[in-house]
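Structure record follows, encoded as structure tokens.
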Amino acid sequence: MAVTVTVWNENVHEREDDDVRELYPDGIHGAIAEGLEAPGRDIRTATLQEPSHGLPEDVLAETDVLIWWSHCANDEVSDDVASRVVDRVHEGMGFVPVHSGKNSKPFTRLMGTTCNIKYRHGGEKERIWVADPGHPIADGLEESFEIPSTEMYGEPYDVPEPDRTVFISWFEGGEVFRSGLCYRRGRGRIFAFRPGHEIYPIFYQDEVRQVLSNAVDWAAPTTGAEAVWEEVDPIEPLEDT
Amino acid sequence: MAVTVTVWNENVHEREDDDVRELYPDGIHGAIAEGLEAPGRDIRTATLQEPSHGLPEDVLAETDVLIWWSHCANDEVSDDVASRVVDRVHEGMGFVPVHSGKNSKPFTRLMGTTCNIKYRHGGEKERIWVADPGHPIADGLEESFEIPSTEMYGEPYDVPEPDRTVFISWFEGGEVFRSGLCYRRGRGRIFAFRPGHEIYPIFYQDEVRQVLSNAVDWAAPTTGAEAVWEEVDPIEPLEDT
Amino acid sequence: MAVTVTVWNENVHEREDDDVRELYPDGIHGAIAEGLEAPGRDIRTATLQEPSHGLPEDVLAETDVLIWWSHCANDEVSDDVASRVVDRVHEGMGFVPVHSGKNSKPFTRLMGTTCNIKYRHGGEKERIWVADPGHPIADGLEESFEIPSTEMYGEPYDVPEPDRTVFISWFEGGEVFRSGLCYRRGRGRIFAFRPGHEIYPIFYQDEVRQVLSNAVDWAAPTTGAEAVWEEVDPIEPLEDT
Amino acid sequence: MAVTVTVWNENVHEREDDDVRELYPDGIHGAIAEGLEAPGRDIRTATLQEPSHGLPEDVLAETDVLIWWSHCANDEVSDDVASRVVDRVHEGMGFVPVHSGKNSKPFTRLMGTTCNIKYRHGGEKERIWVADPGHPIADGLEESFEIPSTEMYGEPYDVPEPDRTVFISWFEGGEVFRSGLCYRRGRGRIFAFRPGHEIYPIFYQDEVRQVLSNAVDWAAPTTGAEAVWEEVDPIEPLEDT
């Protein structure tokens, strides 16, 4: 059965900064979408500037996995759209916030924490280690891979203790970071992935594309069981109390 | 060092319903507060009807553990007060939502899920089993205790997988429920405890008072380490990249 | 790709007790195996009485998911075979201990706890609630299902806090039990499932067969990443220290 | 109430290697014990060479927290003593394996995994980051501390997903490691702490002593609830089945 993936991007840097536009002429969403192309996948994109940020109810209803890139415009996402995304995650939609998508309204609402980090611009080497080689999001990877130049994110990362820690990053400047974390909220699977600053060609890198593709497979909804959330009659007879 | 506990109650049923007022003449908050009295504790109460719901910044700043009872007025809690509570939990304040406090704004925001359940009014027997006898919130309990008559809450309980499952309830009518769950969000410890409908004398029951008292000890803030969340310089020298 | 399932059974009650043999003429392993039949699955059985208990190295090497039923003969399993099973789980083989398989050498070694419970023979009703309706092991189930007559297992269940609590049982006699728990050890997925006493026709019940079939799908190995566990040279240059 | 701490050391390098003896004239156990001295603590030491490795039943029965340093002699610990330690952890004794204590029989039996790592001798800088600044084992620390020269341990670390990840190490040579992990098995709290190779003065370092002292406070047993693990009568009346 086809998996429908929507790649969402705030799409601001690409429109305002020549260097970013040159690097990502089809937008970061375009580069991510290209990397996800595979048989059995229907890949779409949506951006902040579209009506309802490109995420009206019918689009979300059809989306199996939502990949989310955002940075400087996290506050411009409407509360309504953010709530709609959160609701769909509860129903089962996979959600993959990338890079500063950790600061997005949907992710912080799903986590219930500040999602604070330390950071550094300027570019330095990151080596991403697989901490959980048995996890399907690590399928096909070697034990580590490098991103030659990136923004640094450093611990402590103020998120709830994750279900699984898939990746941990080493940074040239001396910090570490839990770069791939798995959660579930309601029926929805969430994978928070660190890499991806807009001024580096990270979304063209093979390993990053492999991880995002694995994450789509992992986060796609499954059937599950029925859930009844309402006032109910007793199944067993009650004594008078 | 003294532990400051604030017992918060929406205090609506007690004012509007004669039976509840007769049962809890000092309010549910009064009954909970009475049960927590112990050397080294400073116990306060606060209610929805007070200015800032009795939770202005200075009160929260002094509170080590906030116990929260709410039911019909969850929506009347202001967003500002709810945010302030959440922020204080992130800073380290313990938070113990009781009964329908699971539907409160602070708890649902800290969880990131719907916190949905099934339920039944009318009164029936609940037997609360200790699933984690090594947990300090179970200190001094036998392996189970009964609440003779209560509202039923039934699974599935739509919360994140907890850090620890301390209690699981058996209900006469045929359901089960995870009645004592531990979480951490930021530096703050959270214990969600199921019992406590307003028309039963549950907050006078010894075992319930024992659990709440244990929860206060468990949830009180600890020192922790420093956390730096800002732009930082490299610790190690960077190559030109 | 075909999934190879080995259903292991101590096969003692069926040979020693007429009632059990009449109920399970092909053994409990036969009944479980029958219930797992599906396209793309290669289902095998193995029993205690065979050489190497039917689990020589080549059989385990080919097995993707091992289902394990045991009860009175847990101590008769050789330490070597138990170690081999544990090693294969570490390598990625799924492991599904059923009923008293919780007391088996492989399961207790994988857990590191006593796996103690309370219990009661004689037959009573069990209602198994789905606590995690978003979990694939609950696929296709209603919100609960009943086993008309069974042995009771009661909390506390002395196992490590699980990755996910999929099922919680209600028992007619007043107890509760976490009846479906997920773990990972190394690359291997483990699902401990409570039902299945030998004197009841539980392994012919549709919902039980559905759960075991779902568990096979969930526990089957995935590719994962490379893991290097040895002495290694530095990747980055070291200063003299 | 006094907390009784037993510091166990295989005590082999100190007796066989002049450099180690010079660095740790009272043994690594002596240096660790010295660092734990505090009012309300009764600190003892025990070594491999003593009868029952210094851990006969009465010593373990009195021990609240067992700190364990081992390396080259892990296989020389008798199975009986290892089982006794595991049993006492189940009963509530805290257990703090340090450095290669991760390969000890008690720790690997409690984890149920291989506890494999990658490693490198020769000495390099390690920077230990606090990933969980709200955890009491990090009390009083800055956001990171350095060990000037140490053996490297690198991910993947083949342990079960921990309850909490308190520390993550950055290594000069390019690796990362989860250096402080919390578990519970039965009633016992376990804290696995990475630092501590025998040829470096690590156990004289203030931050390391602070962590071990915090770990003793955290891992000390608490009261808990009663647990009944036996055949039991029904609490509720059973229908004939």
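Note that the chains take the letters A, B, C and D in the order they are written out, and that residue 1 is the start of every chain.
By definition in this document, contacts are C-beta pairs under 8 Å (C-beta built on N, C-alpha and C of every residue); 3 or more make two chains touch, one makes a residue touch a chain.
Please read all numbers here as calculations on a predicted model, not as lab measurements.
Engineer: Look at the interfaces A-B and A-C and say which one is made up of more C-beta pairs in contact.
Structural biologist: Looking at contacts between chains, A-B has the larger number.
Engineer: Among all chains, whose Cα centre is located farthest from the one for chain A?
Structural biologist: Of all the other chains, the one whose centre lies farthest from chain A is D.
Engineer: On a C-alpha centroid basis, what's the spacing between chain B and chain C, in Å?
Structural biologist: 36
Engineer: I'd like the Å distance between the centres of chain A and chain C, where a centre is the mean of that chain's Cα atoms.
Structural biologist: Those two chain centres are 33 Å apart.
Engineer: Where in chain B do residues touch at least two different other chains?
Structural biologist: 127, 130, 133, 143, 154, 156, 161, 163, 174-175, 184, 186, 227-228, 235
Engineer: Mapping chain-to-chain touches, which pattern fits: line, ring, star, complete or other?
Structural biologist: Contact pattern: complete, every chain touching every other.
Engineer: Under the stated contact criterion, what part of chain A meets chain D in this complex?
Structural biologist: 127, 129-133, 143, 154-157, 161, 163-165, 168-171, 174-176, 178
Engineer: So in the complex, which bits of chain B are touching chain D?
Structural biologist: 92, 127, 130, 133-136, 138-143, 163, 184, 186-188, 222-228, 235
Engineer: Provide the residue numbers of chain C that touch chain D in the complex, in ascending order.
Structural biologist: 86, 90, 109-114, 116-125, 148-149, 152, 154, 156, 158, 160-161, 163, 172-175, 183-186, 227-236, 238-239, 241
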